[in-house]
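Each of the next two complexes has chain A plus one more chain, namely chain B in the first and chain C in the second.
== the complex of A and B ==
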């Protein structure tokens, strides 16, 4: 093997890589917040909504969970313009990520809702709380707390799968790496370093999500 | 005017399904070997070996599959100084990736076996490999079937990512047909539907297996 590794080329282009990483972080973080909102609404719809709503939510979840993310991105970016909905690459990426996460996370959130002891709901009903109020004040907070670890894993999986949005020219870390690799002919070095950056971001997100857990669920609350 | 989407184009998509399935099965087989090794390393008495396995899992679960694919693809090219064929690179990358996930799933299954089983095996003066082989793995294997099938569904969807490096499977076939017919609103939904059918059938299989195993083990279903 007489291939000479040249990581100094990568070093020269590090600012661009970090720029890409920043977009990856922005896209992922936004999709996490929006996706969680979608998930909570869907979980409510599926566990307490009228029957047609339940079917609709179930169809959405099954449809998304049984098709590849890459194909979903293609549909949002390439297929929707045919019916007149034209999204920019970044918007399409964000929408696809949100829709994808929403489906996976709503199943997780629903599991949390189902884990709430029934007595709590009955007690709330006995106090005369309305359905939405029971959900808002009694159910959702402990439900999210119970499933938080699973949600955090799903969030990180989403961040990792965001690399796939490079295919529709959203210039996040993978897309930048692709273009640098093909202009410098140092493919292996660039992909190696980009992989390291993703690993660092995964660890960073994990730490950040733990901090959020502590701040939201533990702070000032003795179990 | 270009081609329009007709029977020939649909058959082209159908003919790509075997590639997707073959890649999934190959990766599952390769990943099974790696995964078993990782699962066993994770529970060996030796601490450095456990760290090694934990590091492996952290690395492959903390980086995007797409990046693993690029690094393997260009890494093999660097090692052998030639442009490698897509098949070995894709198969290797997906096997290593599946190995990390299957390893974690199977470790969970092994750890779900009551401690007393290990102790009983030790009382019979079986060595560690024999304890595993004759006592623990047969029981753990049964528990692990449903989550393993669940992972297989994930894997089928993730093989779509191989399309990005030009490997012709279902998604890539969809891209090719879109480029030929300019009808993304027809092609991609059909691709999605084909994946849906594949994954949904496998999910149903997983549910049936789960129910059957629960019945065989005498576990009551508490919805």
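== the complex of A and C ==
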């Protein structure tokens, strides 16, 4: 191989790359929190809501899970201005990521809810627990614990797929890397480092999510 | 056996001075070869409108293809097209598959390290354009405006340098996203080639898109292999004559719809 790697160019631009990685982390973390909220509401609506709500939620999930993420991003950024809703690139990216994650995660959460034995809910009702309490303690808490590994994987996938939002000019890690690669002509080096940064972020998120699991479901349970 | 060896040595001794004094045989130049075979092989890129395209019958067409046709006709030789992708324009020439490449190759010093440029036969302008309601008349007006550009293009290399501080430059990954951003109002104006600008303006008359500012002009010309001075000189002569008589300008206008900027020579 005759290619001579020149990583000093990359180190000169490291602050910009880290800036991009920071935006990737911010977008992903916010979308994870909001997306999980959407997922819990939708999963409840789909498993226990009245029929119109069930249909609405089913339509949302099918629509999002059966269309490309890239197209969804384009809709939020390029098409909404036509009806007067103008989102900045970052906001459009966050909304698209939240909506996308919400659909995937609600199916995961619903699986967890349906795994709760019916007798458990009936027992809670017999003990006189309120509807909200039943949902909070008897249904959603154990459900989330059951499906937590699947949710965590979906969160990581979301972080990785956030690289697509560079197409609508959000300046996250991939966007910065593309720009630097095309102006310095050292694409190999920049993509190597970007790969490393994504890997580090994925491992970081995984560790963080494991810590949350321990704090909420193991530690919290004992108290 | 012994005699045989002696004979060989003797023969070598006799032959040596002959090779030293023999006049060097002039290698046949590419121009000689073209004229002898009555055929010129021109590498073209038919995936790059308006310079090179395939027409409805699948035949090569476009401004650079038209230049190649006229050139071969004036040379009095048959024309053979060698169709290459954009990345094969220089390799096809260097590998000897073509005698000359005419495929809107912008003149750069980096490329000149591997191939020889003839004089330019056309120009490609990068301009900033946008809807009429956006007021941009001087570079200073760019301050506070959102200007969309596409990564890995000539505009990415030039716009950030000419735009004053305070211009919001917005990068997109591909040219269609940049165009969409302007049409949907996500950016105030965009920078791209004047050809692309004209296509967008013609396709969206309701948006009243107009050219705001020129950014830079890049010239492109035919390239030949290093050392093919005779061929290069013939092409330059042809370019000179057809620049003077307006043929280049009319071909350029026919395919791009724009006037050919004055072509410098080197």
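Convention: the second predicted complex is superposed on the first by the 217 of 223 C-alpha atoms of A that agree within 3 Å, B and C clash if a C-alpha of one lies under 4 Å from a C-alpha of the other, contacts with A are read in each partner's own complex, and residues count from 1 in each chain.
Everything below uses one rule, namely that contacts are C-beta pairs under 8 Å (C-beta built on N, C-alpha and C of every residue); 3 or more make two chains touch, one makes a residue touch a chain.
This one's a predicted model, so the numbers in the text were calculated from it and none came from an experiment.
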Looking at A:169 after the superposition, I want to know if it touches chain B, chain C, both of them or none. Which is it: first, second, both, neither? second
Per the overlay, which chain contacts more chain A residues, chain B or chain C? B
Have a look at where A:86 lands relative to chain B and chain C in the superposition and call it first, second, both or neither. second
Tell me the contact category for A:179 with respect to chain B and chain C: first, second, both or neither. second
Going by the contact rule set out at the top, does A:78 touch chain B (first), chain C (second), both, or neither? both
So, A:67: does it touch chain B (first), chain C (second), both, or neither? first
In the superposed arrangement, which partner chain does A:6 touch: chain B (first), chain C (second), both, or neither? neither
Name the residues of chain A shared by its contacts with chain B and its contacts with chain C. 74, 78-79, 82, 166-167
In the complex formed with chain A, which residues of chain B make contact? 58-59, 61-68, 70-71, 74-75, 77-79, 81, 153, 157-158, 160-161, 163-164, 171, 174-175, 178, 183-185, 188-189, 191-192, 195-196, 199-200, 203
Could you list, by residue number, the parts of chain A that touch chain B in their complex? 1-3, 62-63, 65-72, 74-75, 78-79, 82-83, 156, 160-164, 166-167, 174, 177, 181, 187-188, 191-192, 194-195, 198-199, 202-203
Sort out for me which residues of chain C touch chain A in the complex. 148, 151-152, 156-157, 170-174, 177, 180-181, 184-186
Complex contacts: residues of chain A adjacent to chain C: 74, 77-79, 81-82, 86, 89, 166-169, 171, 175, 178-179, 182-183
